[in-house]
Amino acid sequence: MFTGRVIGSIDSTINHPWYDAKKMLVVEKTDAAGKPSGDYVVAVDTVDAGVGDPVLVLDEGTGARQIVGSTTAPVRSVIVGIIDEVHCPSRAS
Amino acid sequence: MFTGRVIGSIDSTINHPWYDAKKMLVVEKTDAAGKPSGDYVVAVDTVDAGVGDPVLVLDEGTGARQIVGSTTAPVRSVIVGIIDEVHCPSRAS
Amino acid sequence: MFTGRVIGSIDSTINHPWYDAKKMLVVEKTDAAGKPSGDYVVAVDTVDAGVGDPVLVLDEGTGARQIVGSTTAPVRSVIVGIIDEVHCPSRAS
Amino acid sequence: MFTGRVIGSIDSTINHPWYDAKKMLVVEKTDAAGKPSGDYVVAVDTVDAGVGDPVLVLDEGTGARQIVGSTTAPVRSVIVGIIDEVHCPSRAS
Amino acid sequence: MFTGRVIGSIDSTINHPWYDAKKMLVVEKTDAAGKPSGDYVVAVDTVDAGVGDPVLVLDEGTGARQIVGSTTAPVRSVIVGIIDEVHCPSRAS
């Protein structure tokens, strides 16, 4: 799992039917220092996240399918939480 | 899942029979800023994508097998959608 | 599996119910020389680790679910041990 | 899946019995431009590939086990095809 | 799978019981040219490897569990062989 920030969303009309009603968001990963890393994933939203929100992402198929409630969903990455705060003592001192 | 652009296709005559009727495309990943990253995957096409198309790729075996409709297919990466638009407000401002 | 050091924790109120009672820690990976790598994961704590502890992390869904005792848990990364010592002869000589 | 080129083979006498009769090849990955990337995997050969051959590699356990015909084989990477040609229009122009 | 060299071992007293009788080794990955890469994994030893040994590592949960003989073991990386020789013709010429 990793932390990131929602930076956008994706529109796709020609795709697999499972994605039809899903909100697909672009999440830029943050690095160990909490800064944008330049890396990203496209993740299915499950917590009503929006652009700018700091989020927790699970990037594993079987766990992701549990989150979306389907053992056959073609999904790997899901947003599982909106982050209130990351406590990193060494960053603050 | 990640976004990319189809940059080519692969011809292979000596291979596993499952791949015989499959269209295998080379997809260059785009980075968080929407630019080519230099990284790529070879993905099975399921949405009739062609060279130049911006696509959404699922890179996970179990989900990929659901997409191609076989629980035993030797596949990890599939193109699951053609992207109409990526909305990234911070890129536009 | 890899070694790392706990550098922080995460608070999240809007998330999937499975995470409600879990301690989610930020673990910075160490490199082959034992130094911080700048890379990290968010891992579920199972050994009562705290900030500053050197830890061993398992980053694989099925094994992680065994550790947390649930075949359906949406989890990929868990802290499986607190490290007493890493013996690397070539580093010491 | 990714493309690469076979650069060598591995001899190992002390290993798990499953590997005894297997040809293990070193495959250097090619990048999006078709050049050697410096990265590699050790893959089980299933198509009688040899040093110098351009190949297609599947790097996922469950799919790899389907290729080798065993649901319990300790394998992740297999060579699934010898590549005849990679068509990348933008490279040629 | 990839090749590497054992560079050390790990002592951990506070950990998951499955690891109690296991030898956990630090394996530095070698790159495509056979040189140390700076990257590493912590792997369970199954072939009585020691510091300095060139080894073959399997880095996939389901296959790793087959190697250690348990479908529920919390493991992802195992040393599956000690390498006698890597034949790379282009390196020698």
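First chain written, first letter: the chains are A, B, C, D and E, and each begins at residue 1.
The criterion applied here is as follows: a contact is a pair of C-beta atoms (placed from the backbone, for glycine too) under 8 Å apart; a residue touches a chain by one contact, two chains touch by 3 or more.
Everything quoted here is computed from the prediction, not taken from an experiment.
Peer 1: State which chains count as neighbours of subunit B and simultaneously of subunit C.
Peer 2: Both-contact set = A.
Peer 1: Shared touching chains for subunit B and subunit D?
Peer 2: none
Peer 1: Examine where the copies subunit A and subunit B touch and state whether the two sides share over half of their residue numbers (same) or under half (different).
Peer 2: Mostly different residues.
Peer 1: What whole-number Å value describes the gap between the mean CA coordinates of subunit A and subunit D?
Peer 2: A distance of 31 Å separates the two centres.
Peer 1: Quick one: subunit C and subunit E, Cα centre-to-centre, how many Å?
Peer 2: About 19 Å, centre to centre.
Peer 1: Return the residues of subunit C touching two or more other chains; collapse runs of consecutive numbers into ranges.
Peer 2: In subunit C, 61-62 touch at least two other chains.
Peer 1: Could you spell out the chains in ring order, with the walk beginning at subunit C and its first step landing on subunit E?
Peer 2: Ring order, starting at subunit C and heading to subunit E first: C, E, D, B, A.
Peer 1: Any idea which subunit B residues touch subunit D in the complex?
Peer 2: Per the touch definition, subunit B meets subunit D at residues 7-16, 19, 24, 26, 28, 36-43, 51, 61-62, 65, 72-77.
Peer 1: Looking at the complex, which residues from subunit C come into contact with subunit E?
Peer 2: 1-3, 31-33, 46-48, 56, 58-64, 66-67, 78, 80-91
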